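These notes are about the structure you will find just below.
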Amino acid sequence: MLEILKKEVLEANLEIKNKGMVIYTWGNVSGIDRRQGLVVIKASGVSYEEMTEDHMVVLDLEGNVIEGRYRPSSDTPTHLALYKAFPEIGGITHTHSPWATAWAQASRDIPVYGTTHADYFYGTIPCTRAMKEEEIKNDYEVQTGNLIIRTIKEKGLDPLKVPGVLVSGHGPFVWGKNPGEAVYNAVVLEEVAKIAFMTENINSHASPICKALLDRHYFRKHGSNAYYGQK
Amino acid sequence: MLEILKKEVLEANLEIKNKGMVIYTWGNVSGIDRRQGLVVIKASGVSYEEMTEDHMVVLDLEGNVIEGRYRPSSDTPTHLALYKAFPEIGGITHTHSPWATAWAQASRDIPVYGTTHADYFYGTIPCTRAMKEEEIKNDYEVQTGNLIIRTIKEKGLDPLKVPGVLVSGHGPFVWGKNPGEAVYNAVVLEEVAKIAFMTENINSHASPICKALLDRHYFRKHGSNAYYGQK
Amino acid sequence: MLEILKKEVLEANLEIKNKGMVIYTWGNVSGIDRRQGLVVIKASGVSYEEMTEDHMVVLDLEGNVIEGRYRPSSDTPTHLALYKAFPEIGGITHTHSPWATAWAQASRDIPVYGTTHADYFYGTIPCTRAMKEEEIKNDYEVQTGNLIIRTIKEKGLDPLKVPGVLVSGHGPFVWGKNPGEAVYNAVVLEEVAKIAFMTENINSHASPICKALLDRHYFRKHGSNAYYGQK
Amino acid sequence: MLEILKKEVLEANLEIKNKGMVIYTWGNVSGIDRRQGLVVIKASGVSYEEMTEDHMVVLDLEGNVIEGRYRPSSDTPTHLALYKAFPEIGGITHTHSPWATAWAQASRDIPVYGTTHADYFYGTIPCTRAMKEEEIKNDYEVQTGNLIIRTIKEKGLDPLKVPGVLVSGHGPFVWGKNPGEAVYNAVVLEEVAKIAFMTENINSHASPICKALLDRHYFRKHGSNAYYGQK
């Protein structure tokens, strides 16, 4: 069942380990089959060293386990909320990668300080407000997803153009057209978060790049006029 | 004698090297067999490259060597003091891992800036006061243990919920239910110390997460209502 | 065609990956055959893992592809502009290496804080002004090259003595007598940028070294009186 | 000739590479045979990848090459000055390791912020004053040595108890009883420099540890009352 997607999600989970984005079991990647409305996500608390396809859990969008011997990631309700709100996304990754997590803990948006950022995120990477006590005490993981969705929608953002949000006091949730792209964007976000930290330390009055440069770099890589890479 | 524990302590010592927590001989891990009241700790000043079970020293809680050809770690009296004061702990690790050591040298508690911290430490990670001259000049290593114990007790902390303390001007002592968990918590502390440093650099007015979020994350992973990981 | 240069450029591209200067496809190295007036550069968006000589594209100085099945790097016009303006250079490398990129994002020149810098860059490493909207909107990559050239010329610098420039809001472009030297200088710039960051954090009033020390170290390694290395 | 010392010096040079203390050819280690008054140092500008015993150069204390096909390190006169001034030392290492170099570029002594420092350096690690123009213009490398010697002597330090000095605007020179110990102390200095940087960033009012703690840790590892390690 969903063998190709399960393999893709497994590889994406192993990739966040290989890229140094997680220690121990601190991260998860999922993918969705939009036709069938089924999500694949890794099992909760499984070490990357022993992870196999067998640890991939299949769920429907209401969170019912359709296949799999293990409990899914405890962050599963956040993933499901995002899949339901953003029909254009196909993969989600969550990590506690240190630089992105630090911006989340600092409760700050990451300004577009350079073209490295502009190549992949079309504008400021937003950080949510702090979660409220009632959101935390009740269906916390669902509310985490709702807060991410509200942050994207209130700012009028296209989720594929700004493919990630920092959850205040927690860390990054990042997505893409598929699980591999979600991981790619998470690695980019980590690098961008690191360089933005350095930038502000070197110049406390550093200013974001202008709209023209943001446009040029983002659309050099994305959209119908892109001219980066091979045809 | 205590073959399983010796092997466990050896592996935990090698693990702090593998995780990049120590250079040269700068760290030690011990474990205790509570039934027999015997502690296993690595020999003093042995390089991790050549460490074998033969370098594991067995002592009673008064510090008498029961088995082993080598002198035990010079920090042994600190470990013994902690085992006597905290009957619920089964393993202790001490390192000079850079980020945790920096907070210790800065004589500052690590605030709970995010869920990465809250997942494993139920509250602020305390730093002791500076040691007094008379504590240093006499049975220094015993007094180091006593100061850690006093710090935990004066703050009314449960040593398994806040499984580590920074010793001012020195570095972290971290523990757990067994040697492996002590190492795990030491690695977490190092990561948390690093991200907290970054957080304050990104936002000098960063504030700790609220009690509700601390509770949610800590108890998601610990205690009878935990729902992280497999059953 | 140009087999030796293609091999040299391929190896230089792989070297920026091996030295940890790039992630994914974020960098490019080119080389020039001055007699034939032909440039070799890597194809756009190719991963370093699968890069072979086949991905090396040969162009003339006007940007016409002479040989190669792939589209050249999107930064090719910048390289060509530099080759035309600086006849003494033989290789160029562009990366988004984090420390150099952070100085570029901070829009700051890197002061000569020490002999590590003076050994390879004969003076301050300049950062361009921000690019103007009209430069960005039109032939952006050509204008990037022109801005680098103007920065070098307006400051009266010898491009082989200050073999690199930071492009404001973007990152470093670095060159040398050949592709290998361009990569070497890019690695040096990254290290120098890192140590300069640390220096200012340790002493916010740090001052550059004196002219005599700059001269001594630069000319110890370069020019007819050099006495570093083997004859 | 001096086969054992040459092997020791070769291994010490390779060790600074293995410990991540140098890139390219940026460092050198020497050793001395006190009975014969002969020094072994690596050849200038040789890459660590291809370094063999053949690249070890033997000199007398006046700098005459006694054996070896290559030019010795350009820093050789600094090493010779130190060997002549400090008869108790047997090995010297010089690197541009980033954290120690940053303190040197910042022209600051490294305060004793913790026991990690106190375990190996008995007090503040001094930074020289900036070199004067006439020192730089004439026999620069000899004057570098003389400035290090003056710094140690004016502060009344025992060179084996404070086995290293930062040269302002340049980097660390570190020594020990033999080449291996010189490298060990250089690695310690780098780690101590890094943690001191972090310490000041975490607490801008951090204060050095007290004399009693410095004494306790230093003499726990050194001298006749040492009780660290095996007998």
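Think of it as A, B, C and D in the order they're written, each chain with its own count starting at 1.
The rule we apply is simple: a contact is a pair of C-beta atoms (placed from the backbone, for glycine too) under 8 Å apart; a residue touches a chain by one contact, two chains touch by 3 or more.
These are the chains along with the protein names UniProt gives them: A, B, C, D = L-ribulose-5-phosphate 4-epimerase.
Just so it is clear, the model here is predicted, and its values are computed rather than measured.
> Common contacts of chain A and chain C?
Output, common partners of chain A and chain C: nil, no chain qualifies.
> Chain C and chain D are the same sequence; what rotation (0 to 180°, nearest 5) superposes their CA atoms?
The best-fit rotation has an angle of 90 degrees.
> Among the chains, which is located farthest from chain C on the basis of C-alpha centroids?
B
> Same or different, please, for the chain A to chain B contact, judged on whether over half of the interface numbers appear on both copies.
different
> Could you give the separation in Å between the centres of chain A and chain B, each centre being the mean of its C-alpha atoms?
Computed value for the inter-centroid distance: 33 Å.
> Go ahead and note the Å separation of the Cα centroids belonging to chain B and chain C.
46
> Where does chain A touch two or more other chains at once, residue-wise?
200-201
> Determine the shape of the graph in which chains are vertices and touching pairs are edges (line, ring, star, complete, other).
Basically the chains close up into a ring.
> Which pairs of chains touch one another in this structure?
Touch list across chains, by label: A-B, A-C, B-D, C-D.
> Please give the residue numbers of chain A that touch chain B in the complex, ascending.
For chain A paired with chain B, touching residues are 23-26, 43-46, 70-71, 74, 96, 98-99, 101-108, 130-131, 133, 136-137, 140, 169-171, 197, 200-201.
> Would you mind writing out the residues of chain D in touch with chain B in their complex?
Result: residues 113-116, 184, 187, 191, 194-196, 198-203, 206, 209-210, 212-213, 216, 220, 227-231 of chain D touch chain B.
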